[in-house]
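Naming follows writing order (A, B, C and D), and every chain is counted from residue 1.
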Amino acid sequence: MAPEERAFQEKIDADIKIEPKEWMPEGYRKTLIRQISQHAHSEIVGQLPEGNWITRAPTLDRKAILLAKVQDEAGHGLYLYCAAETLGISRDQMTEQLLSGKAKYSSIFNYPTLTWADIGAIGWLVDGAAIMNQVPIQRCSFGPYSRAMIRVCKEESFHQRQGYDIMMKLVKGTDAQKEMAQDALNRWWHPALMMFGPPDAESVHSAQSMAWKIKMNTNDELRQKFVDETVPQADYLGLKVPDPDLKWNEERGHYDFGEIDWNEFYEVLKGNGPCNAERMAARQKAWNDGAWFRDGLMAHAKKREARKMAAE
Amino acid sequence: MAPEERAFQEKIDADIKIEPKEWMPEGYRKTLIRQISQHAHSEIVGQLPEGNWITRAPTLDRKAILLAKVQDEAGHGLYLYCAAETLGISRDQMTEQLLSGKAKYSSIFNYPTLTWADIGAIGWLVDGAAIMNQVPIQRCSFGPYSRAMIRVCKEESFHQRQGYDIMMKLVKGTDAQKEMAQDALNRWWHPALMMFGPPDAESVHSAQSMAWKIKMNTNDELRQKFVDETVPQADYLGLKVPDPDLKWNEERGHYDFGEIDWNEFYEVLKGNGPCNAERMAARQKAWNDGAWFRDGLMAHAKKREARKMAAE
Amino acid sequence: MSTDVQTDTALFELALRMGDNTLILGQQVSAWCGHAPILEEDIALANTALDLIGQTKLWLALAGEIEGKGRSADDLAFLRDARAFRNVLLVEQPNGDFGQTLMRQYLFDAWHLPMLTALKNSIETRVADIAEKSAKEAAYHLERSEDLIIRLGDGSDESHTRMQNALDALWPFAGELTQPDAIDDELAQRGLAPDLADIKTRHEERMRAALKEATLQVPEAAIRKGGKQGMHSEGLGYLLSDMQWLQRAYPGAEW
Amino acid sequence: MSTDVQTDTALFELALRMGDNTLILGQQVSAWCGHAPILEEDIALANTALDLIGQTKLWLALAGEIEGKGRSADDLAFLRDARAFRNVLLVEQPNGDFGQTLMRQYLFDAWHLPMLTALKNSIETRVADIAEKSAKEAAYHLERSEDLIIRLGDGSDESHTRMQNALDALWPFAGELTQPDAIDDELAQRGLAPDLADIKTRHEERMRAALKEATLQVPEAAIRKGGKQGMHSEGLGYLLSDMQWLQRAYPGAEW
C-alpha cells in the first residue's frame, strides 16, 4: 500500500471524513460516483411512479402531502448530484449517463402504481427499505455524501410515516379499500426486499466498499432488519405478508422468510421490468422537450453579459 | 339574358335538375361551391363537439350510437365533398380553404359540449335545425347536391330522434339529470336559432339563390318553422325554452319569440366564439400530423406502379 | 351479493378477457374520431370502434351471465377498477401517432381473427355464437390493418421509420395474446377455447409474412405481459377515469 | 339539503372563484412533477402547486362555511361537475409546452398578487385572513414567473418564438380575471372585494411592462371569458375526471 493510501485508510479507520479536495484512491472515487449518482437518479426517476397519482389524489390534503413528498425527492436528487459533483463529474454528465442507460437507478421504480394504495405501500415499504439502506450511510466516510444522507434520512422517515398512514386509513376503510391495501402489499413486498440488492454470496465489490466505509452493512443484514421491522407493522395493519414461508424464528431472534425470485430482479435490471421503457421514455422526453428552455436561459445570460460589457 | 342563360333558367323553372357537365352561370357554380363545401366542412368540424363525449359516453349502447352518428357525419362530409368536386374544385383545395380560415363552417360547432346533455341537445336541436334547412334542399336545382341531401336527410332525422331520446332519458332521470337537460337547452337554444342565418332583411344573395333554386326558403321562414315544431317538443319534455317572450300567437298561427342577439352571431362568425380557435387547431393538427400518412400511401402507390412497369 | 352462485371462473375469465380487449381497444380507437389524417380514416376508425364496442356488449353480457351476480355489460364496463380488467397490455398502449394506432390494431387483428375462428368451435354455444358474429368483422379489420401497415411500411422513408418505431414499441406486447396461463390451459382442456399454442403459430406466421412485405424488421424483445391477470400499465387508470366518468359521477342514474 | 339556510351568494361565489382558480391551476401545474426541463423546475413547480392547493383548502373551506350546507373543501373540490366550477378559463387552458405553462402562470400571478393584496382590506375578516396568508406566496410566484418569461422571451430565437406563441394563445384569456360581472360589482359595493377596474389597471401595467422587457408583442384579441359563470372549455371535464376519480369511484370512503 502506498503511503498516501495508507494515510487515507487510517483516516477512514479513525472515522475521520474524507473531503472532496483530499487525496483518494481512484477506485474509491469511482465507486462513490457510481453509488451517489445512482442514488440521485433513483430520486429523480422515483418521482414518476408517485407523480402518477398526484393529479388523482383523493383529497386536497393527500394531494398536498404527495406533492411535498415528490418535491422532497427532487430535492434529494439535487443535493445528491451536488455531492457527486464534488468528485469531479458534472450533473449534465450524470444526466447523460442516466438517459443513455449507462447509469442505473433503483429497480423498484420500474414497477407501476396501479391504485392509490400503491402510494401508501411505496411510502411504507419503499421508503422504509430506503431508510434502512441509508441510515448507515449517514456514517459513511465521504463527507458530502454523509451530510447529504443525514438530510435525506430525516425527510424519508417522515415519508414512511405518511405512507403507513395511508395504509392505516385504507385498512380501516371499506372492504374495497382493505382489498386495495392488501393487493398493494402483495405487489410491493418482494420488490421491496430486492431493494437491498442480491444475496451477499453474489454481491460484488462488497468487501472493499465496507473497508472504505462506503457500505456499512451487507445486503442480507439489511434485508433481515427490514423484514424484522416491517412484519409487525403489517400485522398491526391486519395485512398478510405474501410469503407462506414467513415465520418467527425464536432461536435466531429473526423472521425466516421464503426464497426471493432473483430471476425477476435480474430481468428488471436488464430492462425488462413492467415500466423500464416508460420511465426512461418519460425522463428522455422531459429532457429533450426542455432543451429549448435550457438553451433560452443560457442565451439570455449571454445577452445580459454582453450588455453589461458594452455598458462598461 | 344570354340564350344559354335563358335556357338554364327555364330548366330550373321547370324543375329539371342541372348536372355537372352542363352549362351554368359562373355565379351559380361559385355559390354552389361555397354552399356545398361550407356544408361539408360543417359535417367535418361537427365531428368534434360530439366526438368530445365518445370516450365518456355513459353506456356501451350510447357509445355505439354516438360513434355511429359521428361516423355518419364524416360520411356526409365525404359525399358533400364529392358533390362539390363535380363543380371543378378538389377536396384538397376545399380542405386548404377550411384550414386557412377562408371557408366557413356552421357557427354552431364553435360552442362547447360541456355535459352529456349537450349530446342530446345537439341531436335534438342542432340536427333538428339542420334538417329544417336541408329538407328543402333535397329539391334544389343542382342534381348532385339534391341527391346528396336526400341521403343526408334520411340519416339526420334518425340522429334527431336519438338526440331527443337522450333528452327524454334525462328528464325522466334524477334531479341532476333534469337540471343537466334544462341547462343544455338553455345554452343551445339561441345558437340553434342562429343556424338559419341572419334575418331576411340582412341576408345577402337570397333573391338570386332562390331564383336559382339553391335556396328554397328564407331564413326567417325556416326559423319560424323550427320554433313552431320544437317548442311543443320542449313542452313534452317538461323543459322551459329560455325565452321570456316566447308565446303562441293564435292570430298568426305561430309562436312569437324574442329578439336574437345577432351580435353574438357575428362575433362567433368573426372567430370569437368559445371554441373557434380549438376547432381550427384540432383540424389543423389532424391534417398536419397526418401528412406523413398521406405521403406514405402515395409513395407506396408510386413504388407499386414502378414495380408493375418494370415487370412488364 | 349472493353467495350460493357457483361461477365458472375460467369461462367467466374468458368472456372478460375477450370483452375487455375489445372494450379497451374500442375506447382507444374511438378517441381518433375527427382527428384522423384523412376523412376516409375517420370513417374507418369509427367503424372499427363501433364493431369492437358491439362485440364488447356481447362478451361482457355473457360474462355477467356466467358470473351470475346480476352484473350487466355496462356494470362490468363502467364499474370495475383497473385491477379487475383482463385485457392484454397491448390494447391499453397509448394511441401515439397514427402509425402506432395502426400497428397496435394490426398486431391485435392478426390474433383476433384466428382466435375467434377457433372459438367458433367452443363447446359452449354462447361463446361460439359470439365468435361467429365477431369473426366476420375481425376478418375485415385484419384485411384493412394489414393492407395499411404494408403500404406504410413499404412507403416513404418517413412512413417506414414511423411504422418501424411503432413495431419496436409494440412488438413486446404481442406475445401476451398467445401466452397461456392456467386459465387458458383449463379452457383448452375443457374445449371451451383453443390451445393458444395453435393460435400462436398462426398469429406469428401471419404477422411475420406481412411485416416482411412491409419491409419491417421484427425486433428481439422480451414479452411484456400481465394484463390478462389484471396487472396493467399506468395508462389504464386514466383511460378508465374518462370512460367511467358519468357512471361514477351520477351513481345509479339511467342514460 | 336544508332550505332554511340563507347563503350569502356573492360571498360564496367569491370564495369559490378564488378557490377554484387555485385548485385548477394547482392541479394542472402538479402534472409537471417529474417531467420539467430541469430539476430546479421540478422543485419549483411542485412548490407552486403545493402553495396553490394549500390556498384552495382555505378558500373552499370558507366557501363551504358560507354556503352553510355542510359541504367541506374536499366535497367542493371532488364532487362538483364542470358547470359548477367558477375558475376563469385561463387556468384550465392546457399545459402545452413549458412555455405555455409559464405564461399561463405569469398572467395569473400578475393578477393574483394585486387581487390578494386588495382582498386584505375586505371587510369580511375571513377573506382578509386568507388573502393575507396567500399574498406572500403569490408575490413569490409572480417574482419567479416574471423573471422566467423575461429571460425566455429575451432568450434564444426558439425560446422567444415559443413564448410569443404562448402569449398569443393565452392573452385572450387574461382579460376575464378583471372583467366584472354583477357579482363582482356587488362584492365591490359591499366592501368584500376590490373594484376590479383598479386591479385591471395594475394587472395590465405590470404585464405590459414585463412583456415589453421580454421583447414580446401583446396581441390584439377579443377577451375570452365565461369560466366565472361556469361556462368552461371542453378541457375542464377531462381534468375533473382524473382529479375526482377516487372520490367518485369509491363514494363515501375516507382516505
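By definition in this document, contacts are C-beta pairs under 8 Å (C-beta built on N, C-alpha and C of every residue); 3 or more make two chains touch, one makes a residue touch a chain.
This structure is a prediction, so every number in the text was calculated from the model and none was measured.
Taking the definition of touch as given, a chain qualifies here only if it contacts chain A and chain B alike; those chains are C, D. Two chain pairs are in question, A-D and A-C; the one with more C-beta pairs in contact is A-D. Ranked by separation of Cα centres from chain B, the top chain is A.
Centres computed as Cα averages put chain C at a distance of 41 Å from chain D. Computed centre separation for the pair chain B/chain D is 37 angstrom, with centres defined by C-alpha atoms. Multi-chain contact residues, meaning those touching two or more other chains, occur in chain B at positions 56, 176. Multi-chain contact residues of chain C, defined as those touching 2 or more other chains: 81, 237, 241-242, 245. Because contacts link the chains in a way that matches no line, ring, star or complete pattern, their graph is best described as other.
Counting only pairs that meet the touch rule, the chains in contact are A-C, A-D, B-C, B-D, C-D. Listed in rising order, the residues of chain D touching chain B in the complex are 81-83, 169, 222, 224, 226, 231-234, 236-237, 241. The touching residues of chain D, counted against chain A in their complex, run 23, 27, 30-31, 33-43, 46-47, 49-50, 53-54, 56-57, 60, 73-74, 77-78, 97-99, 150-152, 154-156, 158-160, 162, 242-243, 245-247, 250, 252-255. Chain B makes touch with chain D in their complex at residues 49, 52, 56, 112-115, 176, 183, 187, 267, 272, 274-275, 277-278.
Put simply, chain C touches chain D in their complex at residues 81, 237-238, 241-242, 244-245, 248-249, 251. Residue ranges on chain A touching chain D, taken from their complex, read 44, 47-48, 51, 54-64, 67-68, 70-71, 74-75, 77-78, 81, 116, 166, 169, 172-174, 176-177, 282, 285-287, 289-301, 303.
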